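In order of appearance the chains are A, B, C, D and E, and numbering begins at 1 in each one.
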Amino acid sequence: MLDVRELSCGRGGVALLSGLSLRVAAGEAVILRGPNGSGKTTLLRCLAGLSQALAGQVQVDPEAVVFSGHADGVKATLSVRENLAFWASLYGTGSHEAGLAAMDLAALADRPAQQLSAGQRRRLGLARLAVVGRKLWLLDEPTVSLDARSVGLFADMVRAHLAEGGAAVIATHLGLGLEGRELDVSAFRATEAVAAAADPFGEALT
Amino acid sequence: MLDVRELSCGRGGVALLSGLSLRVAAGEAVILRGPNGSGKTTLLRCLAGLSQALAGQVQVDPEAVVFSGHADGVKATLSVRENLAFWASLYGTGSHEAGLAAMDLAALADRPAQQLSAGQRRRLGLARLAVVGRKLWLLDEPTVSLDARSVGLFADMVRAHLAEGGAAVIATHLGLGLEGRELDVSAFRATEAVAAAADPFGEALT
Amino acid sequence: MIGLIARDLKMAVRAGGGFGLSLAFFLIVVVLAAFAIGPDTGALREVAPAVLWIGALLACLLSLDRMFALDWEDGSLDLLATAPLPLEGVVLAKAVAHWLTTALPLTVAAPVLGLLLNIAPEAVGWLVLGLLAGSPALSVIGAFGAALTVGLKRGGLLLSVLVLPLYVPTLIFGVALVEDRAVPTLGLLAGITLFSIAALPFAGAAALRMNLR
Amino acid sequence: MIGLIARDLKMAVRAGGGFGLSLAFFLIVVVLAAFAIGPDTGALREVAPAVLWIGALLACLLSLDRMFALDWEDGSLDLLATAPLPLEGVVLAKAVAHWLTTALPLTVAAPVLGLLLNIAPEAVGWLVLGLLAGSPALSVIGAFGAALTVGLKRGGLLLSVLVLPLYVPTLIFGVALVEDRAVPTLGLLAGITLFSIAALPFAGAAALRMNLR
Amino acid sequence: MSFWEFANPRRFMALSDRVAPVAFALAALGMGVGLIWGFFFTPDDFRMGSTVKILYIHVPSATMATSAWAMMFIASLIWLIRRHHVSALAAKAAAPVGLTFTIIGLLTGAIWGQPMWGTPWEWDPRLTSFLILCLFYIGYIALWAALEDPDTAADLTSVLCLVGSVFAVLSRYAAVFWAQGLHQGATFSLDKEENISDVFWFPAVISLAGFFFLFVALVFYRTATEIRVRRLQSIQMRERMA
């Protein structure tokens, strides 16, 4: 479903990760680990096609991907239901009820997102995944500020997704209660040499 | 240092918590627990004086309090150092080096906050605490998106603060590696009756 | 795309950026102009079309820097960029929503406002036509500018410095139309609009992609 | 307080909201006015003071809704509200920073712009005086309006609808001053400014507190 | 070797080391000869009197101001299509030079206008569109200044330059449509006889050449500097990330 070969990606033209290869098959979950600033978000954004790879290639069907970042585009002035309905309509998957059910938001459905607590808001952000009907989930620290029970809900949602032949790449520092292959990003940290090579101004004056 | 008696507080005039009493002495840390939406943030904002109590009283010297919420007012266009220096100058405590040291930001000091990863950014938000020189810390989910090491740094910082006779009230879902009294907020959930009583329009129509 | 437009309209209305508000805004602009220029109606008639067109520019500018900035800050833009709808569509949708909430009300109200500024009755029709044909360009050009500056916090001023020069042709022809009431002028105005609608969404989408990476 | 002002200025400059940019902005406003009103310098001279004052209003409005909105969105406002500096101080500091980045450049550039609009040389001095005495009111009033609407996303238009009516007196006297060149008018202008500076920061701070709770 | 070789920063540095000084010498020569000849060895104009001599500064700077933008347009295209960093930096380097020429054109024009038209500023289409050009320069430079990441800045400013050019041309014609001016037509048109006579024309051409080489030299120098700056930035960036 996702096939990454010798990928090197970075920020502002400077390589952060290099030589990273990764295959994710249907029904499989990969959990990205690594200390703060090791490049998890950078990698996910590259996989999602938001930033270009500096080298190597990413083989993935863009029609199959959904990305969810640190900030979970929840619109404060819209109600929970409206937020989900919007994404459902945008992705052309009719109903948003699945999302409400998945993250147990039915009780909050008609509340303006403004009036959600941090965790409730995050749940709304995650519920979006159940609504868009994409195969490959790229999630960046999904369980931030969720309580134990909601983490459970999330884990169930992911399991169900995998069971249906979906796949997920999840960057997190926390335990998710998910069995999945772990990948420590920091192992692929780009060396000074690689970074210099990727940089067009690497040898301008030398 | 903090003395709360029979406090009831809420959002939009509706009581969420009621009958909550809490004393925090110098050198003591209280950890607020409770599921999403149970009212931790609401309580902290009330203690910080951002919202008024619906009943009961909060005794605390406002000059001793510093509050840190879900969003950690980091200015993207300013460098890490400038961000800290600003708070230091605002609180009239000369130097900001303490903050850089406390959360190990020295290496990032001159980087625009824009270019920080989520965790690095959060660390910057927390470093502010070490700079303002206040006795009572009111922290709302401080360790969100921090890696294990940074959580350790944070715990050390809090311990040092307590050792100097400071105090802290910390709302979190995560383990902090801090020994402190735990308080489950959900135990004080306001009953329908209380909520109705607090609500000026409670019996308008009955 | 319809969904996106609908969402933006809904949010604009909720945040008190609705139809009535823009009307109020134009009323104020007209009143201010009256105060600034002085009571004598002759001078007012002179500058009436100018006032209305400037009002349109203003309404655009004032709601411009929020066009993408909000979606950028709360992360929606990342999500939209990875959504099935191509970014060009997003830019166009934003522009349409923006036009519906700012320029359209003015166009509808123009006759009344024109009355206040006592424009010659026969000129009013041309004024409305001109606004209809020209104002979409303002929104699309604005969307392009907003896309360029989305990354900058408080890029408000920079945004207007970038966008206003691009407004010049539209403004010139729009005002001229009320004077000369000639079909060719109207054609030129429509031409600019069509060109902007055809070309700028691509430029805007490109700018957004560059900002997102 | 100085710290806060310094911070805001720094951020404004970083985001390309610097001094030179505001100058460019006013240049554009003048050019647009010329396009809208027509090349003949007679008519232009008539409305010149109006154009410059409207320009000042504009520059204010454009940078206004970001004044508190950004600090609100990233949580800084909560932190500022619990900081030693009283909220009144915060509002005032914001207003000062805003004035320094918008109105001051205009005041400095006024003579040159006046030249473009060929205002009578002897009137220019009064124009500058008027701007100096009057424009601070614009920023302070604006800060109050921004504080009222800080909670709302995309409050841009609403904000201006709230604020513009409050600008009317300043505008009237400001324009009048250039015509009658009378000290009393200047006095009135200064009076409005002093009153605003004395009273509005408190109102603004109150509004902020209500929005925060 | 192909022209694109110079897209390599290092090659470009080598080139500029060789070319820039030559261009600078030519600039000094051209401007020296042209201006001295123009100022001291040409008759006064029957209409404009000695004020005509300002033409030797005004016209070349005005011409170069427009040409500079054209050069930026091409450089931006090259950057967007072939991703050659040097061309992006060359565009960046050219902008302030172009702006300066524009301002000189405006000032000399204004000074000239006082005696000729009795007013320093007249809302003449050409003057006005020149003023707009000035605004485009400012916007372009401001955008470069405002953006943090150099590559993003290069991309966005290039897009702005392309779109801006289209609208600059549009507004040029709109301005003509808007008012007919009292400003001269083109001097350096092919049938030059039509407006000014050889005595004024030759020195004008020579000083124009001088201005042109001045522009070339400055752009080379500034581009080289920009390359050094970028080199420095990326080193710092890598250190930060390491």
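Here, contacts are C-beta pairs under 8 Å (C-beta built on N, C-alpha and C of every residue); 3 or more make two chains touch, one makes a residue touch a chain.
This is a predicted model, so every value here is computed, not measured.
Path length between chain B and chain E in the chain contact graph, taken as the least number of steps between touching chains: 1. Interface comparison, C-E versus A-E: the pair with the greater number of contacting C-beta pairs is C-E.
To fit its Cα atoms onto chain D, chain C must turn through 180 degrees, a value rounded to the nearest 5. Interface chain A/chain B: over half of the residue numbers present appear on both copies, so the contact uses mostly the same residues.
Averaging Cα coordinates per chain places chain A and chain D 43 Å apart. If you average the Cα atoms of chain D and of chain E, the two centres end up 35 Å apart.
Mean C-alpha positions place chain C and chain D at a centre distance of 23 Å. Centre-to-centre spacing of chain A and chain B amounts to 28 Å, using the average Cα coordinate of each chain. Residues of chain B found to touch two or more other chains are 70, 76-77, 115. Residues of chain D in contact with at least two other chains: 11, 14-16, 21, 24, 28, 31, 35, 38, 73, 153. Taken residue by residue, chain E touches two or more other chains at 132, 135, 138-139, 142-143, 146, 152, 178, whereas all remaining positions touch fewer. Note for the complex: chain B touches chain E at residues 107-108, 111-112, 114-115.
For chain D in complex with chain B, the residues that touch the partner chain are 2-4, 7, 10-11, 14-15, 71, 73-85, 212-213.
Of all the residues in chain E, the ones that touch chain B in their complex are 148, 240.
On the chain A side of its complex with chain B, the touching residues are 11-12, 34-37, 41, 70, 115-120, 123, 141, 144-150, 173-174. Touching chain D in their complex are the following residues of chain B: 45, 48-52, 62-63, 65-78, 82, 86-87, 89-92, 128.
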